[in-house]
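Which chain is which? They are A, B, C, D, E and F, in the order written, and residues in each are numbered from 1.
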Amino acid sequence: MDNHALFASLLAPMCLAFILGVVATRVKSDLKFPEELYTTLTIYLLVAIGMKGGYKLSISTFAEFWRPGLAAIGLGVCIPVWCYFLLRKFGKFDVVNAAAIAAHFGSVSAVTFSEALAFHDTLRAAVTLPAGMKFDAPEAIPFLKAAGVAGGWYEGFMPSLLTIMEVPAILVAIIIARISHEERSVSSDNAPFSEVLRELFAGKSTLLLLGFLAIGFVSGKRGWEQVSPLFDVPFRGVLTIFLLEAGLVTGRRLGDLKKVGPFLVGFGIIMPILHALIGILLGKWCGMSPGGATILGVLAASASYIAAPAACRVALPKASPTLFLTASLAITFPFNIVVGLPLYHYFAKLIYGG
Amino acid sequence: MDNHALFASLLAPMCLAFILGVVATRVKSDLKFPEELYTTLTIYLLVAIGMKGGYKLSISTFAEFWRPGLAAIGLGVCIPVWCYFLLRKFGKFDVVNAAAIAAHFGSVSAVTFSEALAFHDTLRAAVTLPAGMKFDAPEAIPFLKAAGVAGGWYEGFMPSLLTIMEVPAILVAIIIARISHEERSVSSDNAPFSEVLRELFAGKSTLLLLGFLAIGFVSGKRGWEQVSPLFDVPFRGVLTIFLLEAGLVTGRRLGDLKKVGPFLVGFGIIMPILHALIGILLGKWCGMSPGGATILGVLAASASYIAAPAACRVALPKASPTLFLTASLAITFPFNIVVGLPLYHYFAKLIYGG
Amino acid sequence: MDNHALFASLLAPMCLAFILGVVATRVKSDLKFPEELYTTLTIYLLVAIGMKGGYKLSISTFAEFWRPGLAAIGLGVCIPVWCYFLLRKFGKFDVVNAAAIAAHFGSVSAVTFSEALAFHDTLRAAVTLPAGMKFDAPEAIPFLKAAGVAGGWYEGFMPSLLTIMEVPAILVAIIIARISHEERSVSSDNAPFSEVLRELFAGKSTLLLLGFLAIGFVSGKRGWEQVSPLFDVPFRGVLTIFLLEAGLVTGRRLGDLKKVGPFLVGFGIIMPILHALIGILLGKWCGMSPGGATILGVLAASASYIAAPAACRVALPKASPTLFLTASLAITFPFNIVVGLPLYHYFAKLIYGG
Amino acid sequence: MQTMPMKLVTIIAEDELEPRLTDDVKKLGAHGYSVGKVRGEGMHGARLSEWEGENIRIETIVPDTVADQIMAHLAERYFPHFAVVAYISNIEVLRGGKFA
Amino acid sequence: MQTMPMKLVTIIAEDELEPRLTDDVKKLGAHGYSVGKVRGEGMHGARLSEWEGENIRIETIVPDTVADQIMAHLAERYFPHFAVVAYISNIEVLRGGKFA
Amino acid sequence: MQTMPMKLVTIIAEDELEPRLTDDVKKLGAHGYSVGKVRGEGMHGARLSEWEGENIRIETIVPDTVADQIMAHLAERYFPHFAVVAYISNIEVLRGGKFA
């Protein structure tokens, strides 16, 4: 791992803020975020990601997009299947808990995704360009692309992949739970499937991502220019504040690690690594850039903690939040942010030969 | 209606975010804004409008300002009078409700106003200028003015008109209610008039608008430069978020349309059109630019939903919030944002011959 | 006092917003800030100050820093000692109240500090520079320095001094209270000293300042560039909003002035002036720039209202919040913001002969 | 002042349930209700921040029979599946007709 | 531990009334009060967001006589004009003197 | 529906005390609790904004004996030093076993 990648992940303010948040809970600091601030930051991140993704999609072609799009759906459909079977077979979890955890690992985390983008933007800033050329100018793209894995360049439509991958895994996991025998017997307890579908697509994260993807797409460059001073320029600063809060929550949850047992801890670390590998390979196979493939890997590796918990509470009310939240928030999320990003970048280097 | 005007209104992120908010409530999304975020965004918008208006006023001359200023007061005094009589005579509302609704339509909406500014700024961005000249540079003003209605130029003191128009209509409507027979008999129930006056001028929207108008005026260009990175640059992004929230509230209120009856629905659409026309004609008669006159029309057309409800709750506690809030929030506000702006722009084109 | 200094303090939007807040409470406005907004703004200010300070420290040398650093600690240790004796001897306060008030005056206020920086930045903007040179460009530094007191230049490590001065005074005051006879007899009531230490260093303001000082230091220029669009560019706008809220709280507390008596009112005005003088002289003696010395004076003059109240509630639960909060919030804070800054600047002029 | 006895039903539940629960109490005969935000801990673990979801606290003043019906309804539909706690207290109100 | 009976008066009202109501309860003899934020629905329609205005919930622990006076005062000054709901419950406290 | 009598202990205190108080009530036998935010005024002056610190309101449903122990604990450890108010009310719950 070279210095830039290391800086881009570990020494960037975002990651350090996350660690500070964890430390704050360890020293029992009275620092806490108002819940409204958390909600506000979440709305901001989802709107900003969606809007930028929509704008970038409006300047992409269908030819570039369809293969990665299918790959993303494929990941979303398959990941929960194998996760479910591993959790049932080796983890000895019951149907609802296995399905709920599988839903979380198949779906995606917008914050991990944002960190991955910021990571690549930082790499990009370190590429040597012809004098006077700025790394975010359009003329720089060929140079960034030429720099391969180290160039930090990625396809503009990545936020669309995030959006695409949010829902399918949750659906698949719920269907698995419903068709399994145990669950059927108590199915009268559960919300009807149509209700679950509505809940999923009307869920705040899907609605904001999809909605602003559409808004960004429709209002295009002119729209983007009007709102980018709020949704683009200060984005990484906001992410820093958000990760401080994420650290506080993760820190408070560390105590739950004992409750969930060693299997889930291992699962929450090994599966993301595996999924990242699969994602990067799939990305390469689809002809994506090294950066794009890495980010697809990050999406596969990340576990949801906004959309999936909300859906599981409605569709699988008997699943234990302690299990699925601890796995996604206290294990996989910090692992991806702190260790995962540079690791997956390193995988991409090996795979693409950067 | 030309393409630019259409984009500037319907396809701009602000308007689309509003529509997304309405859609979200229709699909029963769990998306909701913390109330504190709403309050924070309101404070931001009022401070930003006031501050910018004060700065612009500090570089305007009294000669430019006095006529539009008087016109604004005139509109504020007259609109509630005719609204009251129409509501009493044809709407069959009782004294307090007619007065309360009249107060809302005579006063103004800071958000509709902001949308009108954003609309004009977008028009402005589409004017063809000499190579290398930016549309917000001072040298561009003559070109924008020359482009007439399509140039999107407006007088800098418009926020002062907003401030001026906030209070008079509410006062007039309360006076009407007090001098009418029915109300007098129960006047012992009501707050004394001095209390109502204090409430009006100390009400948060008036206080912030007036206060920051003064601050912007006094601290001038140097003050403006210090705060414009927060109050100007990201303004339209913030407005987008605010309109998303406004859409959520409007959507929830759509169900109340049945309760208020067809008369009020028609009133809430026809009166704004009428008021806009009067406002634009008056603006032309005062020698205002086409953009300024359109915005004066928008002010006349807009209905208050911050200052007026607060004042009515104190001064006319028997008035029904369902009536006045549904009329201003669920009818007139969305109508102005979605249909009104391009329509009034079109009126200005006919009147000014652009 | 020249015009620039006057503008920089009294006519700047920050100070005017503070005055508007006080006025709003006097006219019984219904304007109020959600508590969550206050907490959010506090987090923003502390993170922004810490982060910028860390970055600036990373480009400072130890040789520049050690003397001012020691001076800051010296002030933090000595101020509470003499404050305590004056409060006991002439103010007739009991042990816990005298110690609590002394802790507040020895510790520092991040907002007053921010105002002092903004004040100096405004001075800086008024220095005449060679054509085309911007006042915040590195090339401008020699010119600013040459302009002496009027140049508004100050050492980059000032936020480190703020951080250093936060804790010692509170510790010293608590130790004084504990070793005094009266208090020892009831010491079983109090939290153990180790608990107090933890509370102090894990207290949110210390944790955020120290934590982001470290983050800013470690992530250096590259980190700073990523987050400065949020933490630097709109800083003064945020400060304006914060001071509006500070004005609202101060205004509500003015009624408590009667309760605390004339001694504390005088104390809250005279001591800051004295401390500012000592701070400026000490700064000069350490070889600091006139701006840096003025800001050290402001730190000495300022009274804490975040860290100290929280610590006193735990360590000295019998101290009366009415006394220490009124002294720091309703007396010293407004005095420093409105009168103090230009006055201390004037002192610096006399002392440095600017 | 003649006060009248009335029942106060307090329901603490996950915030996702708010629209359903308020609909239900209105259908069962409550003429009004108030909702506040709370955090909490219980059998279903901690709900102490937005990440874990938070709770709401619904209060509704109703006559005895309505109180019983609300409790019965909660016991049937909500207690088995959701993190819901409910209790009844005796209170005195003026204008009893407003709540009956 | 010897507890003493006391009354708890709970008032739910529009937030604009907060300063008036808290002044009134203090004048009528309450030595303290607590205020929380709630949303709600009732006769006067929904008050579920900042746009519609929100409600506050004031709680004050007082002796019987003060409770009655507060209720009488509310009935006279507030019930006819404002969206206000109030009720009394019986509670037990320690340190009865603090509230009397 | 067979309801069971239970005690509701309500504690109003400075928000800094939240972690300590919730730990204590759990140790004394409460199986759950809910916490809301309130502002307030009392003997220790006003706690009406974040600047002054705010209060929390903890509610816990417990059997009689636990209620008494919580009150005794508060009286010993908290009342002398902190701004804390607490009271007990009688309530009726379903599923009494959940709280005992």
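The definition used in the following text is that contacts are C-beta pairs under 8 Å (C-beta built on N, C-alpha and C of every residue); 3 or more make two chains touch, one makes a residue touch a chain.
Every value quoted in this text rests on a predicted model; they were computed, and no experiment measured them.
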Greatest separation from chain A - chain, by CA centre: E
Centroid-based (C-alpha) most distant chain relative to chain F: B
Whole-Å gap between the CA centroids of chain B and chain F: 47
Where chain D and chain F are represented by their mean Cα positions, the distance between them in whole Å: 19
Centroid spacing, where centroids are CA-atom means, of chain A and chain F in whole angstrom: 40
Intercentroid distance (Cα basis), chain F paired with chain C, Å: 37
Junction residues of chain D, two or more chains touched: 16, 36-37, 89-90
For chain A, residues contacting two or more additional chains: 28, 30, 34-36, 39, 233-234, 310
Contact pairs between chains, per stated definition: A-B, A-C, A-D, B-C, B-E, C-F, D-E, D-F, E-F
Contact set on chain C toward chain B in their complex: 7, 11-14, 16-17, 20, 23-24, 27-37, 118, 122, 125, 233-234, 236-238, 240-241, 244
Residues of chain B touching chain C in the complex: 34-36, 39-40, 43-44, 47, 51, 198-199, 201-204, 207-208, 211-212, 214-216, 218-219, 222-223, 225-231, 233-234, 310
Residues of chain F that touch chain E when the two form their complex: 10, 12, 36-43, 55, 57, 68, 71-72, 74-75, 79, 85-90
Residue ranges of chain F touching chain D (in the complex, touch as defined): 1, 3, 6, 8, 22, 26, 31-37, 59, 61, 89-95, 98
Contact set on chain F toward chain C in their complex: 14, 16, 44-45, 48-54, 80-82
